[in-house]
Amino acid sequence: MKFSTEIQVRFADMDAYGHLNHATFFTYLETARTIVFRNIFLDLMAKGHLLMVVKAECQYKHPIGPADRSIVSMQAEEIKRTRFTLSYQIHDGEGTIFAEAKTVMICFDEQRGKPVAIPLQLREAITQV
Amino acid sequence: MKFSTEIQVRFADMDAYGHLNHATFFTYLETARTIVFRNIFLDLMAKGHLLMVVKAECQYKHPIGPADRSIVSMQAEEIKRTRFTLSYQIHDGEGTIFAEAKTVMICFDEQRGKPVAIPLQLREAITQV
Amino acid sequence: MKFSTEIQVRFADMDAYGHLNHATFFTYLETARTIVFRNIFLDLMAKGHLLMVVKAECQYKHPIGPADRSIVSMQAEEIKRTRFTLSYQIHDGEGTIFAEAKTVMICFDEQRGKPVAIPLQLREAITQV
Amino acid sequence: MKFSTEIQVRFADMDAYGHLNHATFFTYLETARTIVFRNIFLDLMAKGHLLMVVKAECQYKHPIGPADRSIVSMQAEEIKRTRFTLSYQIHDGEGTIFAEAKTVMICFDEQRGKPVAIPLQLREAITQV
(Lines give C-alpha, C1' and ligand atoms only; values in the text may rest on other atoms or scores of the structure.)
Protein backbone atom coordinates (compact mmCIF):
# COMPACT_ATOMS: atom_id res chain seq x y z
CA MET A 1 0.00 0.00 0.00
CA LYS A 2 1.12 3.52 -0.70
CA PHE A 3 1.12 5.22 2.68
CA SER A 4 2.27 3.81 6.00
CA THR A 5 2.62 5.24 9.45
CA GLU A 6 3.23 3.73 12.84
CA ILE A 7 0.68 4.30 15.57
CA GLN A 8 1.89 4.68 19.14
CA VAL A 9 0.14 1.92 21.06
CA ARG A 10 -1.15 3.17 24.40
CA PHE A 11 -1.83 1.07 27.48
CA ALA A 12 -5.21 2.81 27.80
CA ASP A 13 -6.16 1.59 24.30
CA MET A 14 -6.51 -1.90 25.71
CA ASP A 15 -9.75 -3.05 27.28
CA ALA A 16 -10.46 -5.57 30.03
CA TYR A 17 -9.80 -8.43 27.60
CA GLY A 18 -6.18 -7.22 27.53
CA HIS A 19 -6.31 -6.31 23.82
CA LEU A 20 -6.85 -3.21 21.78
CA ASN A 21 -10.54 -2.39 22.02
CA HIS A 22 -12.25 -3.04 18.69
CA ALA A 23 -13.53 0.53 18.39
CA THR A 24 -10.00 1.86 18.81
CA PHE A 25 -8.92 0.19 15.56
CA PHE A 26 -10.92 2.95 13.86
CA THR A 27 -9.09 5.53 15.95
CA TYR A 28 -5.82 4.09 14.63
CA LEU A 29 -7.05 4.48 11.05
CA GLU A 30 -8.11 8.06 11.74
CA THR A 31 -4.79 8.85 13.39
CA ALA A 32 -2.96 7.42 10.38
CA ARG A 33 -5.06 9.50 7.93
CA THR A 34 -4.52 12.71 9.86
CA ILE A 35 -0.77 12.08 10.10
CA VAL A 36 -0.26 11.10 6.46
CA PHE A 37 -2.36 13.98 5.13
CA ARG A 38 -1.52 16.25 8.05
CA ASN A 39 -1.16 19.60 6.33
CA ILE A 40 -4.16 19.08 4.09
CA PHE A 41 -6.22 17.89 7.00
CA LEU A 42 -5.35 20.92 9.14
CA ASP A 43 -5.90 23.30 6.19
CA LEU A 44 -9.33 21.85 5.49
CA MET A 45 -10.27 21.99 9.16
CA ALA A 46 -9.24 25.66 9.37
CA LYS A 47 -11.57 26.37 6.42
CA GLY A 48 -14.47 24.55 8.06
CA HIS A 49 -14.21 21.66 5.63
CA LEU A 50 -14.58 18.52 7.71
CA LEU A 51 -13.28 15.18 6.51
CA MET A 52 -16.10 12.93 7.63
CA VAL A 53 -16.50 9.18 7.56
CA VAL A 54 -19.82 8.11 6.04
CA LYS A 55 -19.12 4.39 6.13
CA ALA A 56 -16.55 2.34 7.99
CA GLU A 57 -15.86 -1.35 8.14
CA CYS A 58 -13.19 -3.51 9.68
CA GLN A 59 -12.34 -7.18 9.69
CA TYR A 60 -10.41 -8.21 12.77
CA LYS A 61 -7.77 -10.85 12.08
CA HIS A 62 -5.56 -10.90 15.15
CA PRO A 63 -5.72 -9.12 18.52
CA ILE A 64 -3.28 -6.27 19.29
CA GLY A 65 -1.67 -6.48 22.72
CA PRO A 66 0.15 -3.83 24.79
CA ALA A 67 3.57 -5.04 23.56
CA ASP A 68 2.72 -5.07 19.84
CA ARG A 69 3.91 -2.63 17.21
CA SER A 70 1.08 -1.29 15.09
CA ILE A 71 1.50 0.12 11.60
CA VAL A 72 -1.31 1.41 9.42
CA SER A 73 -0.85 1.14 5.65
CA MET A 74 -3.44 2.64 3.35
CA GLN A 75 -4.32 3.58 -0.17
CA ALA A 76 -7.16 5.19 -2.09
CA GLU A 77 -9.56 2.68 -3.62
CA GLU A 78 -12.12 4.71 -5.46
CA ILE A 79 -12.42 8.44 -5.94
CA LYS A 80 -15.68 10.01 -7.02
CA ARG A 81 -16.63 13.68 -7.18
CA THR A 82 -17.65 14.11 -3.55
CA ARG A 83 -16.51 10.90 -1.89
CA PHE A 84 -13.57 8.55 -1.84
CA THR A 85 -12.73 5.22 -0.30
CA LEU A 86 -9.57 4.44 1.62
CA SER A 87 -8.55 0.87 2.31
CA TYR A 88 -6.23 -0.02 5.16
CA GLN A 89 -4.20 -2.76 6.69
CA ILE A 90 -3.15 -2.69 10.33
CA HIS A 91 -0.08 -4.86 10.78
CA ASP A 92 3.15 -5.20 12.75
CA GLY A 93 5.52 -4.78 9.83
CA GLU A 94 6.69 -8.38 10.25
CA GLY A 95 3.96 -10.38 8.65
CA THR A 96 1.17 -10.29 11.20
CA ILE A 97 -1.97 -8.61 9.90
CA PHE A 98 -4.20 -7.36 12.70
CA ALA A 99 -7.04 -5.99 10.62
CA GLU A 100 -8.24 -4.95 7.19
CA ALA A 101 -10.56 -2.01 6.87
CA LYS A 102 -12.22 0.53 4.62
CA THR A 103 -13.64 3.97 5.15
CA VAL A 104 -15.74 6.00 2.76
CA MET A 105 -15.04 9.67 3.28
CA ILE A 106 -16.63 12.94 2.29
CA CYS A 107 -15.51 16.50 2.67
CA PHE A 108 -18.29 18.37 4.42
CA ASP A 109 -18.68 22.15 4.31
CA GLU A 110 -19.75 23.06 7.83
CA GLN A 111 -21.22 26.45 6.94
CA ARG A 112 -23.16 25.40 3.88
CA GLY A 113 -24.16 22.17 5.58
CA LYS A 114 -23.39 19.91 2.66
CA PRO A 115 -20.59 17.88 1.07
CA VAL A 116 -18.32 19.62 -1.41
CA ALA A 117 -16.30 18.25 -4.32
CA ILE A 118 -13.10 16.72 -2.98
CA PRO A 119 -10.56 19.56 -2.86
CA LEU A 120 -7.84 19.27 -5.51
CA GLN A 121 -4.96 19.19 -3.02
CA LEU A 122 -6.58 16.22 -1.27
CA ARG A 123 -7.41 14.48 -4.54
CA GLU A 124 -3.80 14.82 -5.63
CA ALA A 125 -2.43 13.67 -2.31
CA ILE A 126 -4.47 10.48 -2.11
CA THR A 127 -3.77 9.52 -5.73
CA GLN A 128 -0.08 10.35 -5.82
CA VAL A 129 2.36 7.66 -6.88
CA MET B 1 -35.76 -3.96 16.89
CA LYS B 2 -35.93 -6.19 19.94
CA PHE B 3 -33.54 -4.62 22.41
CA SER B 4 -33.01 -0.95 23.15
CA THR B 5 -30.90 0.91 25.65
CA GLU B 6 -29.96 4.54 26.05
CA ILE B 7 -26.28 5.46 26.03
CA GLN B 8 -25.12 8.28 28.25
CA VAL B 9 -23.54 10.79 25.88
CA ARG B 10 -20.29 12.16 27.29
CA PHE B 11 -18.72 15.49 26.43
CA ALA B 12 -15.39 13.67 25.97
CA ASP B 13 -16.97 11.47 23.28
CA MET B 14 -17.00 14.46 20.96
CA ASP B 15 -13.99 15.32 18.85
CA ALA B 16 -12.68 18.63 17.54
CA TYR B 17 -15.44 18.68 14.89
CA GLY B 18 -17.88 19.03 17.80
CA HIS B 19 -19.58 15.69 17.09
CA LEU B 20 -19.33 12.16 18.39
CA ASN B 21 -16.10 10.73 17.03
CA HIS B 22 -16.85 8.09 14.41
CA ALA B 23 -14.94 5.36 16.28
CA THR B 24 -17.00 5.99 19.40
CA PHE B 25 -20.16 4.88 17.59
CA PHE B 26 -18.72 1.37 17.95
CA THR B 27 -18.16 2.00 21.66
CA TYR B 28 -21.86 2.86 21.92
CA LEU B 29 -22.79 -0.44 20.25
CA GLU B 30 -20.49 -2.34 22.60
CA THR B 31 -21.87 -0.53 25.63
CA ALA B 32 -25.41 -1.39 24.51
CA ARG B 33 -24.51 -5.09 24.05
CA THR B 34 -22.88 -5.35 27.43
CA ILE B 35 -25.82 -3.65 29.15
CA VAL B 36 -28.56 -5.64 27.39
CA PHE B 37 -26.78 -8.98 27.91
CA ARG B 38 -25.09 -7.84 31.11
CA ASN B 39 -25.29 -10.98 33.24
CA ILE B 40 -24.39 -13.29 30.38
CA PHE B 41 -21.55 -11.05 29.37
CA LEU B 42 -20.09 -10.93 32.88
CA ASP B 43 -20.56 -14.71 33.32
CA LEU B 44 -18.78 -15.46 30.08
CA MET B 45 -15.97 -13.06 30.95
CA ALA B 46 -15.50 -14.73 34.34
CA LYS B 47 -15.11 -18.07 32.53
CA GLY B 48 -12.53 -16.68 30.13
CA HIS B 49 -14.99 -16.73 27.23
CA LEU B 50 -14.51 -13.46 25.42
CA LEU B 51 -17.22 -12.00 23.21
CA MET B 52 -15.12 -10.73 20.34
CA VAL B 53 -16.00 -8.71 17.28
CA VAL B 54 -14.63 -10.24 14.09
CA LYS B 55 -16.27 -7.81 11.72
CA ALA B 56 -17.84 -4.42 12.28
CA GLU B 57 -19.42 -1.94 9.93
CA CYS B 58 -21.29 1.31 10.36
CA GLN B 59 -23.08 3.72 8.07
CA TYR B 60 -23.16 7.23 9.46
CA LYS B 61 -26.41 9.07 8.72
CA HIS B 62 -26.42 12.08 10.99
CA PRO B 63 -23.85 13.53 13.43
CA ILE B 64 -24.43 13.19 17.20
CA GLY B 65 -23.82 16.39 19.16
CA PRO B 66 -23.25 16.97 22.89
CA ALA B 67 -26.94 17.80 23.46
CA ASP B 68 -28.37 14.77 21.64
CA ARG B 69 -30.00 11.72 23.21
CA SER B 70 -28.58 8.49 21.88
CA ILE B 71 -30.43 5.17 21.93
CA VAL B 72 -29.07 1.91 20.57
CA SER B 73 -31.61 -0.62 19.28
CA MET B 74 -30.43 -4.03 18.15
CA GLN B 75 -31.44 -7.48 17.12
CA ALA B 76 -29.82 -10.74 16.06
CA GLU B 77 -29.59 -11.14 12.31
CA GLU B 78 -28.01 -14.50 11.77
CA ILE B 79 -26.91 -17.14 14.22
CA LYS B 80 -24.51 -19.87 13.20
CA ARG B 81 -22.74 -22.43 15.36
CA THR B 82 -19.80 -20.26 16.40
CA ARG B 83 -20.74 -16.80 15.22
CA PHE B 84 -23.70 -14.48 15.11
CA THR B 85 -24.52 -11.13 13.62
CA LEU B 86 -26.12 -8.26 15.48
CA SER B 87 -27.63 -5.34 13.61
CA TYR B 88 -28.10 -1.97 15.24
CA GLN B 89 -29.65 1.40 14.86
CA ILE B 90 -28.42 4.41 16.79
CA HIS B 91 -31.21 6.97 17.02
CA ASP B 92 -32.69 9.65 19.26
CA GLY B 93 -36.03 7.95 19.88
CA GLU B 94 -37.82 10.71 17.97
CA GLY B 95 -37.21 9.82 14.37
CA THR B 96 -33.60 10.83 13.80
CA ILE B 97 -31.40 7.92 12.85
CA PHE B 98 -27.73 8.59 13.55
CA ALA B 99 -26.27 5.35 12.24
CA GLU B 100 -26.94 1.80 11.14
CA ALA B 101 -24.44 -0.87 11.95
CA LYS B 102 -23.61 -4.54 12.13
CA THR B 103 -21.16 -6.60 14.11
CA VAL B 104 -20.24 -10.22 13.62
CA MET B 105 -19.37 -11.77 16.96
CA ILE B 106 -17.68 -14.89 18.17
CA CYS B 107 -17.24 -16.35 21.60
CA PHE B 108 -13.54 -16.98 22.09
CA ASP B 109 -12.12 -19.38 24.66
CA GLU B 110 -9.06 -17.59 25.97
CA GLN B 111 -7.35 -20.68 27.39
CA ARG B 112 -7.90 -22.98 24.43
CA GLY B 113 -7.17 -20.12 22.05
CA LYS B 114 -10.13 -20.76 19.76
CA PRO B 115 -13.78 -19.93 19.24
CA VAL B 116 -16.39 -22.10 20.93
CA ALA B 117 -19.98 -22.86 20.00
CA ILE B 118 -22.17 -19.97 21.10
CA PRO B 119 -23.19 -20.76 24.69
CA LEU B 120 -26.85 -21.75 25.06
CA GLN B 121 -27.68 -18.93 27.49
CA LEU B 122 -26.39 -16.38 24.98
CA ARG B 123 -28.11 -18.08 22.05
CA GLU B 124 -31.40 -17.98 23.93
CA ALA B 125 -30.94 -14.39 25.02
CA ILE B 126 -30.26 -13.01 21.55
CA THR B 127 -33.13 -14.95 19.94
CA GLN B 128 -35.76 -14.34 22.59
CA VAL B 129 -39.03 -12.77 21.58
CA MET C 1 -22.78 16.21 48.76
CA LYS C 2 -25.32 18.31 46.94
CA PHE C 3 -25.38 16.88 43.45
CA SER C 4 -25.26 13.24 42.41
CA THR C 5 -25.52 11.48 39.09
CA GLU C 6 -24.87 7.93 37.98
CA ILE C 7 -22.30 7.36 35.24
CA GLN C 8 -22.90 4.56 32.79
CA VAL C 9 -19.88 2.30 33.13
CA ARG C 10 -18.61 1.16 29.72
CA PHE C 11 -16.63 -1.98 29.02
CA ALA C 12 -14.23 0.14 26.95
CA ASP C 13 -13.50 2.32 30.02
CA MET C 14 -11.54 -0.57 31.49
CA ASP C 15 -7.89 -1.08 30.65
CA ALA C 16 -5.75 -4.21 30.45
CA TYR C 17 -5.65 -4.40 34.26
CA GLY C 18 -9.40 -5.08 34.09
CA HIS C 19 -10.30 -1.88 35.94
CA LEU C 20 -11.41 1.59 35.02
CA ASN C 21 -8.38 3.37 33.62
CA HIS C 22 -7.18 6.04 36.05
CA ALA C 23 -7.54 8.84 33.48
CA THR C 24 -11.16 7.90 32.89
CA PHE C 25 -12.04 8.81 36.47
CA PHE C 26 -11.64 12.42 35.31
CA THR C 27 -13.95 11.69 32.38
CA TYR C 28 -16.55 10.49 34.89
CA LEU C 29 -16.23 13.76 36.81
CA GLU C 30 -16.59 15.76 33.61
CA THR C 31 -19.59 13.72 32.53
CA ALA C 32 -21.21 14.30 35.92
CA ARG C 33 -20.58 18.08 35.72
CA THR C 34 -22.01 18.36 32.23
CA ILE C 35 -25.11 16.33 33.19
CA VAL C 36 -25.82 18.14 36.46
CA PHE C 37 -25.31 21.60 34.93
CA ARG C 38 -26.43 20.51 31.48
CA ASN C 39 -28.42 23.53 30.33
CA ILE C 40 -25.94 26.02 31.69
CA PHE C 41 -23.06 24.08 30.18
CA LEU C 42 -24.68 23.97 26.72
CA ASP C 43 -25.66 27.65 26.94
CA LEU C 44 -22.13 28.69 27.84
CA MET C 45 -20.68 26.54 25.07
CA ALA C 46 -23.02 28.10 22.52
CA LYS C 47 -21.74 31.55 23.59
CA GLY C 48 -18.11 30.46 23.25
CA HIS C 49 -17.61 30.43 27.01
CA LEU C 50 -15.67 27.27 27.75
CA LEU C 51 -15.73 25.66 31.18
CA MET C 52 -12.10 24.70 31.52
CA VAL C 53 -10.25 22.72 34.16
CA VAL C 54 -7.11 24.51 35.36
CA LYS C 55 -6.25 22.01 38.08
CA ALA C 56 -7.40 18.48 38.72
CA GLU C 57 -6.51 15.96 41.37
CA CYS C 58 -7.78 12.55 42.31
CA GLN C 59 -7.07 10.08 45.08
CA TYR C 60 -7.85 6.52 44.07
CA LYS C 61 -9.29 4.42 46.89
CA HIS C 62 -10.71 1.33 45.24
CA PRO C 63 -10.67 0.04 41.65
CA ILE C 64 -13.86 0.17 39.55
CA GLY C 65 -14.62 -3.04 37.65
CA PRO C 66 -16.93 -3.70 34.70
CA ALA C 67 -19.74 -4.89 37.00
CA ASP C 68 -19.64 -1.92 39.37
CA ARG C 69 -22.14 0.89 39.63
CA SER C 70 -20.52 4.31 39.63
CA ILE C 71 -22.08 7.44 41.08
CA VAL C 72 -20.46 10.85 41.14
CA SER C 73 -21.45 13.20 43.98
CA MET C 74 -20.13 16.73 44.01
CA GLN C 75 -20.35 20.13 45.59
CA ALA C 76 -18.79 23.56 45.23
CA GLU C 77 -15.91 24.16 47.63
CA GLU C 78 -14.76 27.64 46.96
CA ILE C 79 -16.06 30.27 44.58
CA LYS C 80 -13.96 33.24 43.62
CA ARG C 81 -14.58 35.85 40.95
CA THR C 82 -13.17 33.93 38.00
CA ARG C 83 -12.62 30.44 39.35
CA PHE C 84 -14.31 27.87 41.51
CA THR C 85 -13.47 24.51 42.99
CA LEU C 86 -15.64 21.43 42.82
CA SER C 87 -15.01 18.47 45.07
CA TYR C 88 -16.24 15.00 44.18
CA GLN C 89 -16.69 11.53 45.45
CA ILE C 90 -17.02 8.58 43.11
CA HIS C 91 -18.83 5.77 44.90
CA ASP C 92 -21.24 2.88 44.38
CA GLY C 93 -24.08 4.26 46.49
CA GLU C 94 -23.63 1.41 48.96
CA GLY C 95 -20.65 2.49 50.98
CA THR C 96 -17.71 1.83 48.68
CA ILE C 97 -15.79 4.97 47.82
CA PHE C 98 -13.79 4.60 44.63
CA ALA C 99 -12.15 8.00 44.56
CA GLU C 100 -12.10 11.53 45.95
CA ALA C 101 -11.25 14.36 43.65
CA LYS C 102 -11.17 18.10 43.07
CA THR C 103 -11.16 20.28 40.01
CA VAL C 104 -10.52 23.99 39.82
CA MET C 105 -12.54 25.47 36.96
CA ILE C 106 -12.57 28.70 35.04
CA CYS C 107 -14.94 30.04 32.45
CA PHE C 108 -12.87 31.00 29.42
CA ASP C 109 -14.05 33.41 26.75
CA GLU C 110 -12.81 31.87 23.53
CA GLN C 111 -13.00 35.05 21.44
CA ARG C 112 -11.38 37.40 23.93
CA GLY C 113 -8.89 34.72 24.87
CA LYS C 114 -9.22 35.18 28.62
CA PRO C 115 -11.20 34.02 31.64
CA VAL C 116 -14.38 35.88 32.51
CA ALA C 117 -16.17 36.34 35.81
CA ILE C 118 -18.20 33.22 36.57
CA PRO C 119 -21.60 33.79 34.94
CA LEU C 120 -24.41 34.42 37.41
CA GLN C 121 -26.51 31.45 36.28
CA LEU C 122 -23.57 29.13 36.92
CA ARG C 123 -22.71 30.77 40.24
CA GLU C 124 -26.29 30.32 41.38
CA ALA C 125 -26.47 26.73 40.17
CA ILE C 126 -23.33 25.57 41.97
CA THR C 127 -24.25 27.32 45.23
CA GLN C 128 -27.91 26.38 45.35
CA VAL C 129 -29.21 24.60 48.41
CA MET D 1 13.97 16.16 33.71
CA LYS D 2 15.58 12.78 33.20
CA PHE D 3 13.24 10.99 30.84
CA SER D 4 11.44 12.36 27.80
CA THR D 5 9.25 10.82 25.16
CA GLU D 6 7.03 12.25 22.48
CA ILE D 7 3.36 11.33 22.50
CA GLN D 8 1.58 10.93 19.17
CA VAL D 9 -1.26 13.45 19.29
CA ARG D 10 -4.48 11.95 17.93
CA PHE D 11 -7.37 13.86 16.43
CA ALA D 12 -9.72 11.81 18.64
CA ASP D 13 -7.91 13.06 21.75
CA MET D 14 -9.49 16.47 21.20
CA ASP D 15 -12.94 17.25 22.56
CA ALA D 16 -15.66 19.59 21.34
CA TYR D 17 -13.67 22.59 22.61
CA GLY D 18 -11.09 21.70 19.94
CA HIS D 19 -8.37 20.94 22.50
CA LEU D 20 -6.95 17.87 24.16
CA ASN D 21 -9.53 16.72 26.68
CA HIS D 22 -8.27 17.37 30.22
CA ALA D 23 -8.56 13.69 31.22
CA THR D 24 -6.39 12.67 28.28
CA PHE D 25 -3.42 14.56 29.75
CA PHE D 26 -3.26 11.71 32.26
CA THR D 27 -3.35 9.21 29.38
CA TYR D 28 -0.32 11.00 27.92
CA LEU D 29 1.53 10.64 31.24
CA GLU D 30 0.64 6.95 31.40
CA THR D 31 1.70 6.40 27.82
CA ALA D 32 5.02 8.11 28.56
CA ARG D 33 5.60 5.94 31.66
CA THR D 34 4.84 2.72 29.84
CA ILE D 35 7.13 3.68 26.94
CA VAL D 36 10.06 4.86 29.06
CA PHE D 37 9.89 1.84 31.39
CA ARG D 38 8.49 -0.44 28.72
CA ASN D 39 10.30 -3.69 29.47
CA ILE D 40 9.92 -3.37 33.21
CA PHE D 41 6.26 -2.46 32.82
CA LEU D 42 5.54 -5.49 30.60
CA ASP D 43 7.55 -7.80 32.90
CA LEU D 44 5.67 -6.65 35.98
CA MET D 45 2.34 -7.00 34.19
CA ALA D 46 3.21 -10.57 33.13
CA LYS D 47 3.86 -11.37 36.83
CA GLY D 48 0.55 -9.87 37.92
CA HIS D 49 2.27 -6.88 39.49
CA LEU D 50 0.21 -3.87 38.46
CA LEU D 51 1.67 -0.39 38.45
CA MET D 52 -1.23 1.56 39.87
CA VAL D 53 -1.80 5.26 40.36
CA VAL D 54 -3.00 6.08 43.87
CA LYS D 55 -2.92 9.84 43.44
CA ALA D 56 -2.78 12.04 40.38
CA GLU D 57 -2.76 15.77 39.93
CA CYS D 58 -2.30 18.08 37.01
CA GLN D 59 -2.06 21.82 36.52
CA TYR D 60 -3.14 22.89 33.06
CA LYS D 61 -1.10 25.79 31.69
CA HIS D 62 -1.88 25.91 27.99
CA PRO D 63 -4.31 23.98 25.76
CA ILE D 64 -2.99 21.35 23.33
CA GLY D 65 -4.45 21.57 19.83
CA PRO D 66 -4.52 19.02 17.00
CA ALA D 67 -1.44 20.58 15.34
CA ASP D 68 0.72 20.68 18.48
CA ARG D 69 3.68 18.45 19.30
CA SER D 70 3.47 16.96 22.75
CA ILE D 71 6.46 15.74 24.75
CA VAL D 72 6.29 14.28 28.24
CA SER D 73 9.36 14.75 30.45
CA MET D 74 9.45 13.11 33.85
CA GLN D 75 11.55 12.23 36.85
CA ALA D 76 11.21 10.46 40.16
CA GLU D 77 10.50 12.81 43.06
CA GLU D 78 10.33 10.61 46.10
CA ILE D 79 10.81 6.89 46.50
CA LYS D 80 9.57 5.08 49.55
CA ARG D 81 9.37 1.35 50.20
CA THR D 82 6.05 0.69 48.49
CA ARG D 83 5.30 3.91 46.66
CA PHE D 84 7.02 6.51 44.57
CA THR D 85 6.16 9.85 43.05
CA LEU D 86 6.78 10.83 39.45
CA SER D 87 6.64 14.45 38.39
CA TYR D 88 6.01 15.43 34.79
CA GLN D 89 5.99 18.27 32.38
CA ILE D 90 4.03 18.15 29.14
CA HIS D 91 5.55 20.58 26.67
CA ASP D 92 6.23 21.14 22.97
CA GLY D 93 10.02 21.04 23.16
CA GLU D 94 10.18 24.71 22.18
CA GLY D 95 9.34 26.51 25.36
CA THR D 96 5.60 26.07 25.67
CA ILE D 97 4.59 24.17 28.80
CA PHE D 98 1.16 22.61 28.49
CA ALA D 99 0.91 21.07 31.94
CA GLU D 100 2.73 20.07 35.10
CA ALA D 101 1.68 16.95 36.90
CA LYS D 102 2.45 14.37 39.53
CA THR D 103 1.42 10.80 40.09
CA VAL D 104 1.96 8.68 43.16
CA MET D 105 2.37 5.05 42.14
CA ILE D 106 2.33 1.71 43.86
CA CYS D 107 3.11 -1.75 42.63
CA PHE D 108 0.13 -3.94 43.42
CA ASP D 109 0.28 -7.71 43.63
CA GLU D 110 -2.95 -8.85 42.02
CA GLN D 111 -2.98 -12.32 43.55
CA ARG D 112 -2.11 -11.32 47.11
CA GLY D 113 -4.34 -8.27 46.80
CA LYS D 114 -1.85 -5.84 48.30
CA PRO D 115 1.02 -3.52 47.41
CA VAL D 116 4.52 -4.93 47.32
CA ALA D 117 7.89 -3.29 47.85
CA ILE D 118 8.92 -1.53 44.66
CA PRO D 119 10.80 -4.13 42.62
CA LEU D 120 14.53 -3.51 42.40
CA GLN D 121 14.60 -3.27 38.59
CA LEU D 122 11.97 -0.52 38.72
CA ARG D 123 13.67 1.28 41.62
CA GLU D 124 16.93 1.31 39.67
CA ALA D 125 15.27 2.43 36.47
CA ILE D 126 13.49 5.42 37.98
CA THR D 127 16.54 6.59 39.93
CA GLN D 128 19.15 6.11 37.24
CA VAL D 129 21.27 9.06 36.26
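Lettered A, B, C and D in written order, each chain numbered from 1.
Operating definition for what follows: contacts are C-beta pairs under 8 Å (C-beta built on N, C-alpha and C of every residue); 3 or more make two chains touch, one makes a residue touch a chain.
Predicted, not measured: the structure shown is a model, and the values here were computed from it.
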Recurring contact interface, reference A-B, options A-D, A-C or C-D [over half identical by residue number]: C-D
Label of the chain whose CA centroid is most distant from the centroid of chain D: B
Chain centre separation in whole Å, for chain C relative to chain B (CA means): 27
Length of the line joining the C-alpha centres of chain B and chain D, rounded to whole Å: 32
Two or more partner chains touched - positions in chain A: 11-12, 16, 21, 23-24, 27, 30, 45, 66
Residues of chain B that touch chain A when the two form their complex: 16-17, 21-27, 30, 45, 50, 52-60, 63
For the chain B and chain C complex, residues of the former touching the latter: 7-8, 10-12, 27, 30-31, 34-35, 41-42, 45, 66-67
Footprint of chain A on chain C - complex, ascending: 11-12, 14-16, 18-19, 21, 23-24, 66
